[in-house]
Amino acid sequence: MTTSTPLLLADLTGVAVFAASGASAAVAKRLDLFGVVFVGVVAALGGGIFRDLVIDEVPPLAFADWRYAVTAAVTAASIFWLHPQFARLRTTVLVLDAAGLALFTVTGTLKALDAHVPAVGACMIGMLTAIGGGLGRDLLTGEIPVVLRREIYAVAALAGSIAVALLSTYGVATAGPLTAAAVFVFGLRLVSLRRRWSAPVPAPRPPRTGARGPQV
Amino acid sequence: MTTSTPLLLADLTGVAVFAASGASAAVAKRLDLFGVVFVGVVAALGGGIFRDLVIDEVPPLAFADWRYAVTAAVTAASIFWLHPQFARLRTTVLVLDAAGLALFTVTGTLKALDAHVPAVGACMIGMLTAIGGGLGRDLLTGEIPVVLRREIYAVAALAGSIAVALLSTYGVATAGPLTAAAVFVFGLRLVSLRRRWSAPVPAPRPPRTGARGPQV
Amino acid sequence: MTTSTPLLLADLTGVAVFAASGASAAVAKRLDLFGVVFVGVVAALGGGIFRDLVIDEVPPLAFADWRYAVTAAVTAASIFWLHPQFARLRTTVLVLDAAGLALFTVTGTLKALDAHVPAVGACMIGMLTAIGGGLGRDLLTGEIPVVLRREIYAVAALAGSIAVALLSTYGVATAGPLTAAAVFVFGLRLVSLRRRWSAPVPAPRPPRTGARGPQV
């Protein structure tokens, strides 16, 4: 998966973008240099580490190939110093982030299918590969994960992973259709951003007390 | 473990109940539809995924058998729309939740013992199978896990897992005694709820400053 | 690694110190007895469990050898009752904690190298072994991990793990040099504490709105 140079470059681009995302959130929380790098690395590599643990590819690629960690750490450290400039690049970053989302979805789902995970599980793993880093970033910075609260982000990843699983089921998971699936995730994410699409939120409930739910 | 139809049905009932618990907490936090389903799935499957990772059953059952994910997701999505009615079923839900706790404790401990984990470790894994999903739910919704704060919940699971380990040590971990262990967890949980039993809390400490403890 | 009696004793001392750290944080949050023990056990064993999962040593040592869990649980339970006295031992505890940090860094890095993880990954795993428990403690008690915010703590671990990896690369990872690496981590941590060294924090950014960063 990561041996071919173009795919490795694409993968590392995704890593860098997610690292910038994590570092940026850490800067906003006034973490120190180590904290900024750490949150950046978790945002960049967390999803892939989870994916590799559940498909039993150990040690996870993030630990086995130093280029991943170095890319993530260097990017995050840059954000520590360059964050004012970085904040101005917001649109560029959102586009790159959508590309990272698309790429991690497709490669995550494929790796799970290659590891003989059935289709439904592979779709879950693909989506978690794409959103797992962002979840870790938000947990470390004391936020309810933003991916659970608004916009079409994880849903785009889930749709893409389903597309990949279908392509694989019908034996057409070759370069062309897989690229189309990645473009689909990328496009869905960007269109959602531009049109401010978001998932529905629950209807308000009258009594707030005792609303916590069953497990106590 | 999950091949026999009655046990699978029981397992999926536990999954559904925990999914409802997670979805309900997510609705209370006003997460969107995706967030409600995601937290529900984590609450339902998180404990089992952790269990399978530490006993090296990969891919975890939650990814290998689609019925788990679908049961969790459909239940959580239903709560998104039906939460006002669901809130009224509070007593029913607490009873079902206690049943889920009992079942996950017994099956989790057994699976760990089957994977040749020694007794103390198997008890920890059994308890974590039962409470892990609730921990994940609370972390995702920005709460200090409720299981750490009040009531007899994890302690009931721990007592049950010790019972299962003892049964196994004495070679009587057959259907009858195991069912008795599950009923014991179920009963202990329900009696604790009704009598408002809870674990003790620490005595107040006079000086609050510097109370954080050693690791800095 | 843990078969030799002196090393096992050292390891269990580290476990006890980290358990006290976790329990102390849980007492400060007014968790109940179970919560105090649970957070203590996570603080003591969390880093090692993560390490063992990523190097595929399953079940993790924390579940395979009962002495780890019992040491952690008994220590944490003691803190529940003795926390006022414990708070007075603050300096002693900080010194023991630095010793635990040093030890977990060295053994974590070595175990990863033994499992054929390349050097960069082994350094990451060694550092995560040392700080992972503290991360878990802070997430469970609703805090942004303190290790990300101030002081030289994780950085000392990282420096030590790099030293171990270098020793291993040059074939001199024997008892003497490894002890020196541990003493280096221990000393760096204590000197940082005494001199109040800390990692730099980011420069303030003028506009706060939209500062959240790329991934949404």
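Each chain gets a letter, A, B and C, in the order it is written, and its residues are counted from 1.
Quick note on the criterion: a residue touches a chain if its C-beta (ideal position, glycine included) is under 8 Å from a C-beta of that chain, and two chains touch if they have at least 3 such contacts.
These are the chains along with the protein names UniProt gives them: A, B, C = TRIC cation channel family protein.
None of these values were measured; they are calculated from a predicted model.
Peer 1: Would you identify the shape of the chain contact graph, picking one of line, ring, star, complete or other?
Peer 2: complete
Peer 1: When chain B touches chain C, do the two copies use mostly the same residue numbers, with over half shared, or different ones?
Peer 2: different
Peer 1: Measuring from the mean C-alpha position of chain B to the mean C-alpha position of chain C, what distance in angstrom results?
Peer 2: 27
Peer 1: Which residue numbers or ranges of chain C touch two or more of the other chains?
Peer 2: 53, 56, 139, 142, 150, in rising order.
Peer 1: State the interface residues of chain B toward chain C in the complex, per the touch definition above.
Peer 2: 53-56, 112, 115, 117-122, 124-125, 135, 139, 142-145, 147-150, 154-155, 198-203, 205-208, 210-216
Peer 1: Once bound in the complex, which stretches of chain A touch chain C?
Peer 2: Residues 17-18, 20-36, 38-39, 43, 49, 53, 56, 58-60, 62-66, 69-70, 80, 83-84, 87, 90, 93-94, 96-97, 101, 134, 137, 139-142, 146, 150-151, 153, 193.
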